[in-house]
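Two complexes are shown next, each including subunit A; its partner changes from subunit B in the first to subunit C in the second.
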Partner chain A sequence: METFIATGLIGVSLGSQYALLALGFTLIFGILGVVNFAHGGFYVMGGYIAYYCSVVLGLPYALALVIASASTAAVGWLLENLILERVIDDHQATLMVTLGFNLIIATAVLVIFGAESPEFTFPIDGVWRSGGIYIPYANMVVLGVCLVAIALVYWLVYRSNVGRAMRAMAEDRAVASALGMRTKVLFPFAFALATGLCGMTGALVTPILALSPHVGDPVLAFSFLTVILGGLGSVTGATVAAFIVGLVDSYAAVYLGGSKGALTLFVLVLIILVILPQGLFGREVRRS
Partner chain B sequence: MTQHFGRVICGGLFASAAMAGASSACELKIGVPAVLSGPAAQWGIALRGAVDFVAKETMEEGRLKIDGTDCAVSFVAIDSKYTAEGAASATNALAAEGIKVIVGPVGSPEVTGMKPVATRNGMVAMVNSFAKDSIGPKWPNMFHIGPGPSGWAGPIIDEGLKRFKFDTVAIVAPNDQGGTDIASVNAQIFKAKGVTPTEEYYQRGTTNFGPIVTRLLSANPGAIDLASTPAGDAGIIVKQLRQAGFEGPVFRLGGPGFEEIARVAGGVEVLKDFLWYEPVYRDENTKALDEKYKKLMGEERPENADFYRWTFAARMMVKAANAAGTVDDADKIAEAMRNLPVEDENIGKGHWIGQKFFGINQEMSYPFAIGVVQDGKVQPPIHAPAVAEG
Partner chain C sequence: MTSPSAARLPEERRQPLFSGVEWITLALVAMSFAIPLLVTNPQVLSQTNLILIGATAALGVFIMLRMDLMSFAVPCFMALGGYTVAILGIQLGITDVILLGIAAFLVPAICAIPLGALILRLKGVYFVLVTFVLTEIVQLLLFEGEPLTGGANGLVGMPAVTFFGVELFSNAQVVLTTCGLALVGFLVTAIFTRRFRYEFAAIEKNDVLAESLGLAGWKYKAIAFSVSAGVSGLAGFAIVNVLMTAHPSSFASMSSVNYITYTIVGGKGQILGPLVGAGLLVSATDYFALRGEFSPGLFGLLIIVVTLVAGGGLVGLATNLLRRRERKAGVAVKELSRVEARS
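Entry: the complex of A and B
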């Protein structure tokens, strides 16, 4: 029973990490209609900025986290404004731009910091323990940040005027512009918000796991999987799917093993998508 | 017009002469398929650094002479990505450049992918890999830079049993050839030592090992072996094992990478009780090699201890080319290699083995070391003699 509960806690912890990653990914698709293949790159960038600020410069970790989030948001804002905005209606071009930007980030990190993992640990290293059940305090912090981020994003997208404007533009950009909504302000804002979230996740999660130039690759794969399962563009879907993926990943790995567990997750997602091709909350998928 | 025509002819003759001169210049081009990205990159960086160093050392000291002429040594490194297809693709690219001499790659899947391509293109290679078929009679020009766990896991387990009390072990490794070949050999050796093993495999690309660790610990093992898990992954596993409350010793009966494992885990004190395979015993001679590297390359040597093995391997390849009197006849270089003694000025003397395990006597064996961390403190390494056949 203890193993069952411990596995559930690990699943929730995994789910919170996936949710933080999936939120940004689904926001960008839902509002801009762009599949951001640089998502893993922003995760890596956030991790390395936090590492540089906290370990190399010796700044407090909390400040490093804020700098990492702000920097990745700023880079995202620039990317959208300077490049993506020019090709925003061409899906192939946006795909190539984000994919290329991902390679640029990975190569830049490799050149600047090298291929080996640096020592980057979370400032809180204790573990809460009760019998065979345990949760590292760092994971609790990630879970707390995740819940706050979900609440803020949900409020921003569904309860604020900015969110209403962004959703209106996602529905029909031309009509929304004609009604006075400023796409040139709101689109880069949405992109910056999403990349900032991704950078924050990198800064939070890489000291718990590991930091290296290519840790973003599996992140992109899992974000994509989660967002497709939840329904591309749906904030609610991404959140629910992230926790489903986390729990299935955890229980399958513990009870079936690492190899079969990974297979189980993908088979389950495949079955769900066969039954619900639009994903779990696909009604909110962006109309093309 | 006649004058112009004459200039063209003269120019053509001059260019032909220059090209003929260039093609007759002696140059040993070494192909290096090396993993340069992902969690196993540290191994590939050590390989690339060693070949780069040996190339410069050879030219600086005039170590390669063909027909009395000093030969240049250059190298081309391509990222083989720690996959069979990555290594096959890298070897094809090297073959397209006319390269006949290969040093690398590192991992079992890579060696599996490169061997047929190298054989088809008439290359000679010094490979790593702990796979059960790293070399063999089917690939007569493939040489092995050192024994796998079948050779050195036994003495390390003995050392572990001397220091810690355990009678069960859980072995964790990736679920491809780079993991399964090593983990299964380790399991046999643990069993022979009276320790009951269980094997657990994970999908390469896993970033959070929390569930795997829970599964490992549900069997209540006395010890854990990380086998050939890449250093980056191994560091996370140890960190999460200790967070989960595991108190037993952790073995690393796979490729070297202690420094990176310790960094990712969060420090030597997190490793607590940890034993690993060090490919060479470090003494004054290896320190001299470190200093020579720094002097020649202007920087510290690559961190991973596999640097020493690859330096040994690349020097052997240069010696073989020198003895064969050719830089591009792979068969002659291979033949010369078979007749060379296994000896390096910094790493020491050894011998050829492999007939019994691989069916071909083309594996270098030389002294190695056992690394130990006990109670969170690094202990002096233990010298172990070169593995004998069998």
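Entry: the complex of A and C
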């Protein structure tokens, strides 16, 4: 029973990380109509920037976290403004550009930091225990930060004017821009927000899990899974699905072992897609 | 029945078997047979193998793009084809290249039919994501299905294939086998996409409209998915034959990105595209490899530049340039004749 609860808590903590990744992914898709294949790349980038700032430069971890989020957001902003903007209406072209950019990030990381995974551990260690339940403090901090970030994203998307404008553009880009929403400002902003979230997740999670140039690929696959499950472009769907994926992932890892957990998830998602092509919370399949 | 005097519809006119570009593509693939006969440099031979396998796999993407569906499922069907051949070769001792080729085509093609029934209802980005997930699943199944697939070790010790009793064992003979498989793949694709080009064009432009006009869209999508799987299976056979091993890493889900890149960079509009894309990018990877760790980044940069500069890929860019020049020439001729008529 205690294992069961502890596993559940790990699952929730995993879920909150997936939620941040999936929120970014789903924002980019919902608002820009772009499938961001560079998502895993931004995660890795965030992790390495945080590592560089906190371990190599010796800055406090919290500051490193902020720098990592800000710089991945800046790179995302530049990518959208300089390159993606030119081909924004062609979904194959945007896919190719983000794929190419993913390779560039991976190479840059490899060239700058080398293939070895660096020594990067979470600054807070220790374990909280109650009865037979053990939870590392690091996981609790990550969970807390993730929950705050998720709440902020919700506030931004559903309560602020920028969010209203972004949702209007997701609904109908042509009409929204005819009504005065500024595509040229909002698209890069949305993209930067999403990549910033992704970089922040990388900075938070890589010290707990692992940091190496290739940790981005599974992240991409899990972001895919989560957004398919939740419904592409749906913010609520992505959040709920992320927690489902996190829980299934951790329970399967404990009770089934090996790669059976991932297999279960993938098959589950495939079945859901066949029954509900629009995902759990998607309203309609976006034509793109 | 139409009266003989009525203007005939374009498709009723007798069409040539293949278009010019298709003939060129097939001729290029057929010419690759000469490489193992003329060259002994192992570097060139292995390069030829890689290019032809890449191009054949990219055909799987090319066929699905006829209907504007971007498929990440190619490695999944390559694995089906490759493992089928490995099981037949290693466990049952079948080495006849023709039999193995038929099996490598048919097994994925048949498996694709029920799969297609499930996922071909999806379009656009959903299709992309689901085919990606499908490839991940197959990758995991290869690792988990130990008794059949050998798990993480793969199936080792694929015997040399035989062609009418002749063992194709040497380096050059292995390349010949790859050439043969590639030629079959290209022939099948050319005939198939040529035969149904109007149907595919209608589905690509607007599938809802096409269906409302009476075109059974699902039927063509299902056939195309199946043929695309079969051609991918041939590429899987070629890989297993070259490596003499069927291993999950040959069919990694991220390798689908390469095949898509070959097709898009080469040009998704013509069958020449996948061949040009594979030829160029495989050579580029090899060339970039001189720069060591920079190689994937340069590859990524190349993808971005081609996407921005040449939307229709390199073949699309070339045909556009040719057409523009022809049009200019045509205008000039018209001008000339008008001037002549006046004078």
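Going forward, the second predicted complex is superposed on the first by the 281 of 288 C-alpha atoms of A that agree within 3 Å, B and C clash if a C-alpha of one lies under 4 Å from a C-alpha of the other, contacts with A are read in each partner's own complex, and residues count from 1 in each chain.
By our rule, contacts are C-beta pairs under 8 Å (C-beta built on N, C-alpha and C of every residue); 3 or more make two chains touch, one makes a residue touch a chain.
On a predicted model such as this, the values are computed, not experimentally measured, just so you know.
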{"item": "Joint occupancy of subunit A by subunit B and subunit C, clash or fit", "value": "clash"}
{"item": "Which superposed partner A:8 touches (first subunit B, second subunit C, both, neither)", "value": "neither"}
{"item": "Touched partner set for A:127, first subunit B, second subunit C, both or neither", "value": "first"}
{"item": "Subunit B versus subunit C as contact partner of A:110, first or second or both or neither", "value": "both"}
{"item": "Touched partner set for A:93, first subunit B, second subunit C, both or neither", "value": "second"}
{"item": "Partner chain in contact with A:119 - subunit B first, subunit C second, else both or neither", "value": "first"}
{"item": "First, second, both or neither for A:210, with subunit B first and subunit C second", "value": "first"}
{"item": "Which superposed partner A:262 touches (first subunit B, second subunit C, both, neither)", "value": "both"}
{"item": "Identified clashing stretch of subunit B versus subunit C [38-46, 92-100, 146-154 or 254-262]", "value": "92-100"}
{"item": "Subunit B and subunit C contact sites that coincide on subunit A, given as residue numbers", "value": "110, 115, 217, 221, 258-259, 262"}
{"item": "In the complex, subunit C residues that touch subunit A", "value": "70, 118-119, 121-126, 128-130, 132-134, 136-137, 140-141, 143-144, 253-254, 257, 260-261, 264, 268, 293-304, 307-308, 311"}
{"item": "Of all residues in subunit A, those that touch subunit B in their complex", "value": "3, 6-7, 10-11, 13-14, 17, 110, 114-119, 121, 125, 127, 129, 134, 136, 209-210, 212-215, 217-219, 221, 249-255, 257-259, 261-262"}
{"item": "Subunit B - residues contacting subunit A, complex", "value": "36-39, 41-42, 44-45, 175, 200-203, 205-208, 210-212, 214-215, 218, 231-233, 235-236, 243-245, 260, 263-264, 266-267, 303"}
{"item": "Interfacial residue positions of subunit A with respect to subunit C in the complex", "value": "29, 35, 37, 83, 86-87, 90-93, 95-97, 99-104, 106-108, 110-111, 115, 217, 221, 224-225, 227-228, 232, 258-260, 262-263, 266-267, 269-270, 273-274, 277, 285-288"}
